[in-house]
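Next come two complexes, and both contain chain A; in the first it sits with chain B, in the second with chain C.
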Partner chain A sequence: MFDIPKEREVPFAGVTPAPVGEQPMMITGNWRTYRPVIDHEKCNLCMNCVIFCPDACWQLNEAEEEVVWNSKYCKGCLICVNECTTAALTKTYELDFEDGVVRLEKLF
Partner chain B sequence: MAVAVKTQTLSPIKKIRSVPTEEYYVPGHRTCAGCGPALQYKLVAKAAGPNTIFIGPTGCMYVANSSYLCTPYAVPWIHAQITNGGAVASGIEAAYQVLIRKGKWEGELPNVIVMAGDGGSVDIGLQAMSAMMYRGHDALFICYDNEAYANTGIQTSPTTPYGGNTTFTPPGPAIPEGKRLFPKDPPQLVIGGHPAVKYVATASVAYPVDLINKVRKALNVPGPTFLHIHAPCPKGWKFDESKTVEVAKLAIQTGMWVLYEWENGEFKYQHKPKEYKPVREYLKVQNRFAHLTEAHIAKMQAFVDAKLKAPGIPVEIPVPPPRATA
Partner chain C sequence: MAKEVTLSGCAAAAQAVKMAKVDVICSYPIRPYTAAMMELAKMVANGELDAEFIHGEGEHAQLSVCYGASAAGARTFTGSSGVGVTYAFETYSPISGARLPVQMMIADRTLDPPGDFGSEHTDAMSCRDQGWLMGWAETPQEAFDNHLINYRVGEDPRVMLPQFVCQDGYFVSHLPGKVTLPDQSQVDEFLPPYKPPHALDTKKPVSHGPQIRPDQGVIMDLQRAQAFLDVPKVIRGAIDDFNRIFGRRYSPFVEEYQTDDADVVFFIQGAHALTARHAIKHLRGKGLKIGLVKLRFVRPFPTEEVAEALSKFKAVGVVETSTSYGGAMRGGNLLHEVRAALYDAPKRPLTTSFMAGMGGEVIPLQEFYWMAEVLAKAVKDGRVGKYVYWVGFEQAA
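Up next, the complex of A and B:
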């Protein structure tokens, strides 16, 4: 678009590629001490967890009519559990899970 | 001289289910768990959509997001110094105006949004913000208010409430209430002194639909616009990170934060509680206020009561007497 002579080109400082959907260079799932657990029976899809998650870790799967949790990035703040209108979300200690992030051999 | 204006109209939404599903502020950032500013960023980015450029003055929403050369912004984003978010936005908007005039840019004029902290907006960043408003650039300046200089370890800022315990206003025998001053009023600063500004609003992470609609309206209105967004910071305000939205909601229920729009000289209020809860309810859930005595709380309540008589309009505030000895 711009005609800048080669010799006047300056490498732009600190340019980074835009992430697509997620930023895998900053995985935050291993911050968790608690994990939100969903009981789909009780969920009425009020979408509070989807809208209030600062890390966009709850998304609606339209086809399945279910909210889906992102374990790779969830920091375990539990805003979702606090804002859940039907008590479908509860918290469980991360250590209680076979795949608990604290048990992972490689954290990053 | 022809000035390009946006032809897009971002439409308002009615309910949570119609919030766009696309994320432009994606998972994978180092903001604290439960960070209110991160939550509002996600919502603002959704509201603005792909035709957007963010300017990020130094503060948590720059540092905690973009460290180690990776960022969560899926739309163009540029760092600015903490002092000059408004200037960088002005330059970007002016450059697009020139490119469009010369036929070198065929796309739309983008949404230019400054995402500045309270320090970066109405304290150290005030002159550049004011200049952008004064010159009438077509850009949106957002002050996400976590009521402190959070990123450097929670120092007091002009929006830190009276009585707030920060690293620069620790309560002690000489000053038992911690912070002695009452806060600045950012929307009033903008409204009062900038004739080019036609739309100013306050928003909160507790009311996401209202927030999204205000962002869209601010972007649709030509010329400079300003949003003041309440964004609780669990680390700085010392409350449990699961309570971010709850605390934001309590602020509105107690009158500590008022949701309003100011458009062409008229105020309109949103989500106004029928009856306000005592400010104590808001104070007691945050440890930054744990040291306050009954007398301090009464002083705070009196301030809020006066403010609620005409929300948005500044009230006379008690100015602390000068200290007797240095």
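Up next, the complex of A and C:
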């Protein structure tokens, strides 16, 4: 028998509960090189980032009337930065952030 | 009552699949395996078999259909030959990684150089490291039996792995042989219904095949590696039950013929073992102490069983029917496995290999006689001259 540490166990055959808004067992945002950063002052809520993000990492918070970034699944592709109509989104090098991701400490 | 009939390997496979009460079949034509699908299509059309029969757009689609159907809880069957087998290559690891016991028949055909249709094991052997069980049948009877045995082993909760159930094209797939068809009640006793642990269910939804990270991938590799370590004991249990219920005498992994006093043996898998047995009878008539060791599963490779069986002899000639261009032994794949298995054995025989039956040619008795001469010479000289001989094209070294 192999000795697989408890915290590194993966569900049998990778089968996970569904449907879920987020898949907490399969966090995939730990290989970004750049992070999109929003300046809410410049954002006109055009929703381009929400529409174009291939991983649905931008969502509208209707109560706060602002778009919210989900760090857990953002791969740093920067499509949102490219599509932003007001230059509210810019890129910053991931490891310039104190919490910059290299590899998650905890898997799930 | 069990009854004896005459069937080709393809027809025998179809009968086994029918008696396994398969739920979903996905076909795409390529000879020689196609004949199995023709039989199954007739059974479904005639109402003898209650299964979904789906025409795939190609081999990749065949396997993808079975992937989905197996995830949904169906017992599935598909098959192919030659370049059809390699066309579906991308799907093999995801299916074994998903731990879905899809069963695929392979009736061997050469990989095109540029369009040979003979039988060679290279098509299936190229897929041997994808996490599927794999083994060959020598006769239509063994093909029939192997389909049932593989469903039982592959669907075992300790295993949950897909299976390549192989037979040589033409030599088994199209040559009729005697097959004892069992009673359905015997098959039902041996093979319980497929109970997947994660069948797709609208009331309990799950995701299959999610994106994972490298640090999760290694764990999934480990899960498959562990399953393969557990397979041998499941195979032993299944073979014991099979022999008891069907009255056969299979060894789980290696079968020996005329080995009690043998100095030299052929090591072989598949159809040509039949000719080898006859060659051995004639050679023994001339006083040569020769026997045969036949491999029944190449995945999982029965390392201990092969080492134990082969270390009894002075020389072993591995009859390859596949290519490993540029490989360590310059010939086929089996010698690699055999030599690796023997490396730590306290007593090692001389080993060499024979490229025979390549391109789908028959291996005539005369070629087996020649191979026996090479082995006898190796024993006399105390060494093998070469790792590999292309039989018919080289002198004994």
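In this section, the second predicted complex is superposed on the first by the 85 of 108 C-alpha atoms of A that agree within 3 Å, B and C clash if a C-alpha of one lies under 4 Å from a C-alpha of the other, contacts with A are read in each partner's own complex, and residues count from 1 in each chain.
The rule is short, and it goes like this: contacts are C-beta pairs under 8 Å (C-beta built on N, C-alpha and C of every residue); 3 or more make two chains touch, one makes a residue touch a chain.
Everything numeric here is computed off the predicted structure, so don't read it as measured data.
Residue contacts after overlaying the shared chain place A:8 against chain C, while chain B stays out of touching range. Of the two partner chains, both chain B and chain C are touched by A:28. Counting the residues of chain A that each partner touches, chain B and chain C differ, and the larger count belongs to B. Residue contacts after overlaying the shared chain place A:54 against chain B, while chain C stays out of touching range. Shared interface residues of chain A (contacting chain B in one complex, chain C in the other): 1-2, 14, 16, 18-19, 23, 25-28, 31. Across the complex, chain A meets chain C through its residues 1-2, 4, 8-10, 12-19, 23, 25-28, 30-31, 103, 107.
Listing the residues of chain C that touch chain A in their complex gives 97-100, 160, 197-198, 205-213, 215-216, 219-220, 222-223, 225-226. Against chain A, the residues of chain B that register as touching in their complex are 16-17, 19, 21, 23, 25-31, 33-36, 38-39, 42-43, 66, 68-76, 79, 104, 205, 208, 234, 241-246. Interface residues of chain A facing chain B in the complex, by the touch rule stated above, are 1-2, 14, 16, 18-28, 31, 46-48, 50-57, 59-60, 70, 72-73, 75-79, 81-83.
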